Amino acid sequence: MATTITHSRDEWADLAAHVLDRVRAHKPLVQNITNFVAMDISANVLLAVGAAPAMVHAEDESAAFCALSNALVINIGTLSEPFLAGAKAAAISAHTLGKPWVLDPVGVGATEYRNQAVKMLLRHRPSIIRGNASEIISVAKLAGFSHNTHTGPRGVDSTNTTDEAAQAAHWLARNNLCTIIATGAVDLITDGHNTLTLAHGSELMTRVTAIGCALSAFVGACSSVHENAYEASIAALIIYTIAGDLAAAQATRPGSFRTAFIDALDAISASDIKSILRL
Amino acid sequence: MATTITHSRDEWADLAAHVLDRVRAHKPLVQNITNFVAMDISANVLLAVGAAPAMVHAEDESAAFCALSNALVINIGTLSEPFLAGAKAAAISAHTLGKPWVLDPVGVGATEYRNQAVKMLLRHRPSIIRGNASEIISVAKLAGFSHNTHTGPRGVDSTNTTDEAAQAAHWLARNNLCTIIATGAVDLITDGHNTLTLAHGSELMTRVTAIGCALSAFVGACSSVHENAYEASIAALIIYTIAGDLAAAQATRPGSFRTAFIDALDAISASDIKSILRL
Amino acid sequence: MATTITHSRDEWADLAAHVLDRVRAHKPLVQNITNFVAMDISANVLLAVGAAPAMVHAEDESAAFCALSNALVINIGTLSEPFLAGAKAAAISAHTLGKPWVLDPVGVGATEYRNQAVKMLLRHRPSIIRGNASEIISVAKLAGFSHNTHTGPRGVDSTNTTDEAAQAAHWLARNNLCTIIATGAVDLITDGHNTLTLAHGSELMTRVTAIGCALSAFVGACSSVHENAYEASIAALIIYTIAGDLAAAQATRPGSFRTAFIDALDAISASDIKSILRL
């Protein structure tokens, strides 16, 4: 059944600050089954916000480890058969145990292999799907959505705006009973009934590899400390993109931006969020 | 048939600036089948210069993805059977489709396993081979070259100077109809008929892991926007090593040099190249 | 037979400076079979101190490469079957050839899969085992130690203090004839007969991913240039944690700390060690 969630700007700022406090206080253990490019920065993002990362993907232990974790994040960037077997076992464990799990469908639509992997993972019911606009449209199409003007991704990059993905995102959220996060210059978060868009962050966030993948890891951390996945996702996006604003005020090129962004995730405070948030 | 390519210093500077402009304008999609140590910095180097990296290596999709890419880079650093199967499929695809592909034969000569892998990959005709002096000598020997005084690499490090590799590099370029880049304190680029040496860059580039591997990725980007592989390779080396000079003017230790180098690849301009290039 | 090793504070400082000099002079080739998160920083730590890293883990070549290396480091962070096969072959090679090898049992105790992997590796006789307090207690239990109050790790994080691990560390060192390093706010090094504790370093070292894993790599480098594993381990810990002190004087947040730490490993001198060391 649909729930209507409306908060004022100040209430969203308070919620984001509350979720940030809880991550720092509870240090959720986030299991990441992620690509090789994203591992370093995902772990460092999680440590910077106070969470506890673990990269555990072997089929022999991924389900058992999921039982110890507070959230699971599956990112298909550098996909392979052993990886997919471990991801499947962990996704089943997370769904069975009622733990939040986040799907990051990197490059879906680029190859049939990725499409089949995503179809399989969708059957194990992610709580949240986080992708760029083209990826979200591709996932919706794989799930049966037929009304769109999608022209396909370019490698792992989006060729669509978030606005072009809005209809697909709403449909996918309703159809899969999950929260969808479509990121880009504008970020869109929807649970199929409620939708919010945000326009914080810096273009430099697209110039450092895997900052988007690491966002999915951070969404996992936030969803483990706040039960409503839609609100947790919005809190995560607010914190992450305002940290991007703070970092862009310190660094104007991608090498130094990466360092400044990790520092900003460590430094960001409730008062930063309250003074900077625009809705 | 041999082509004689001679440019003045100013013409080489103009060519390098032109290739840099084209990379930034066309944002070539570069498929990297590379080692686990090099993935992060290779992706960040490509993003810093404006290209689009994708790390896709599974045999199930590597050839299909190559059809979408503008260039392929294969680096055998952390070699394994599944990696090699994906690399082979992608190399066949690149060669068949006439796409430029770069081979980085990390550690060839250190083990028989690496030698066999390189022999197999040579059959699929790389456009460009980029290695240190000992690696280039080792590849030439595997391809039949018999006149050298090579004493073998030490792990993945060179024990030879670029000068000692010159004869092997020329032979290998002629014999395999490809461009050879032998890097070191002096960098040598040859297509078997034309040869250029460059001596830019900083010793600090050897103190940060995988800066050489990331150069191979950048060579892939440049060769996808400029058809002549010899000229594209020289342009890549000019841009990359002058960025090294710029970074070394900002940072004197390896941690901060890595950050400064990524920033320099973002910042480097035609006028930097024109004012700094020495031939 | 037990050897009693007692040095004054100044003698330990001299020994650490001597080991640092030897690493810089001899540039030992350190083979790392390590997890995907730790590869980048392990390689950069080794390069910063002047050693030569190589990440070679395939079963087809790991033993052959070990014969070329000066030390072997096995870290089970992102464990999988192919990795374990390569690690086993290399460990047998190192033990047979009498080369120092360091085991970093990441996350042991968290899953039965990790426990079985560690049991297998222990049979091939590591020279040094480096873990956090909970990991050292878990390894000791797997080896038969029965007197402890261990409550199990949390993911890959310790829930115990080094002091709580002291008894297990001593037992494990005596029983396995190796050196044990239990790291935390206080670091404990023991060969079963001699024990030293150190309290240098910064809390920020736990806020950057894999700085502990990279320490294991550095211990490998030190143990290859100084025969007594207990002394080499203490020298490594002194150098590494004082570099942490130096970095923490430059940077107060995790992103910039990582950069400052790599720079500090490059910059650290005998006089830094002599002036800063506290025992």
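Should a chain be cited, it is by its letter among A, B and C, assigned in written order, with residues numbered from 1 in that chain.
By our rule, a residue touches a chain if its C-beta (ideal position, glycine included) is under 8 Å from a C-beta of that chain, and two chains touch if they have at least 3 such contacts.
Everything quoted here is computed from the prediction, not taken from an experiment.
**Student:** Does the chain-touch network form a line, ring, star, complete graph or other?
**Tutor:** complete
**Student:** Residue numbers at the chain A-chain B interface: does the shared fraction exceed half, giving same, or fall under half, giving different?
**Tutor:** different
**Student:** Report, in degrees rounded to the nearest 5, the angle of the rotation taking chain A onto chain C when the C-alpha atoms are fitted.
**Tutor:** Rotation angle, to the nearest 5: 120 degrees.
**Student:** Between chain A and chain B, tell me the centre distance in angstrom, where each centre is the average of that chain's C-alpha atoms.
**Tutor:** A distance of 34 Å separates the two centres.
**Student:** Rounded to a whole Å, what is the gap between the Cα centroids of chain A and chain C?
**Tutor:** Averaging C-alpha atoms per chain gives centres 34 Å apart.
**Student:** Send over the residues of chain B in touch with two or more other chains.
**Tutor:** Expected reply: 36, 40, 82, 258-259.
**Student:** In their complex, what parts of chain A are in touch with chain B?
**Tutor:** 35-37, 40-41, 77-82, 107, 110-114, 154-157, 206-210, 253-256, 258-259
**Student:** Which positions of chain B touch chain A when the two form their complex?
**Tutor:** 29, 31, 36, 39-40, 43-44, 47-48, 52-58, 60-61, 64-65, 68-69, 82, 258-263, 266-267
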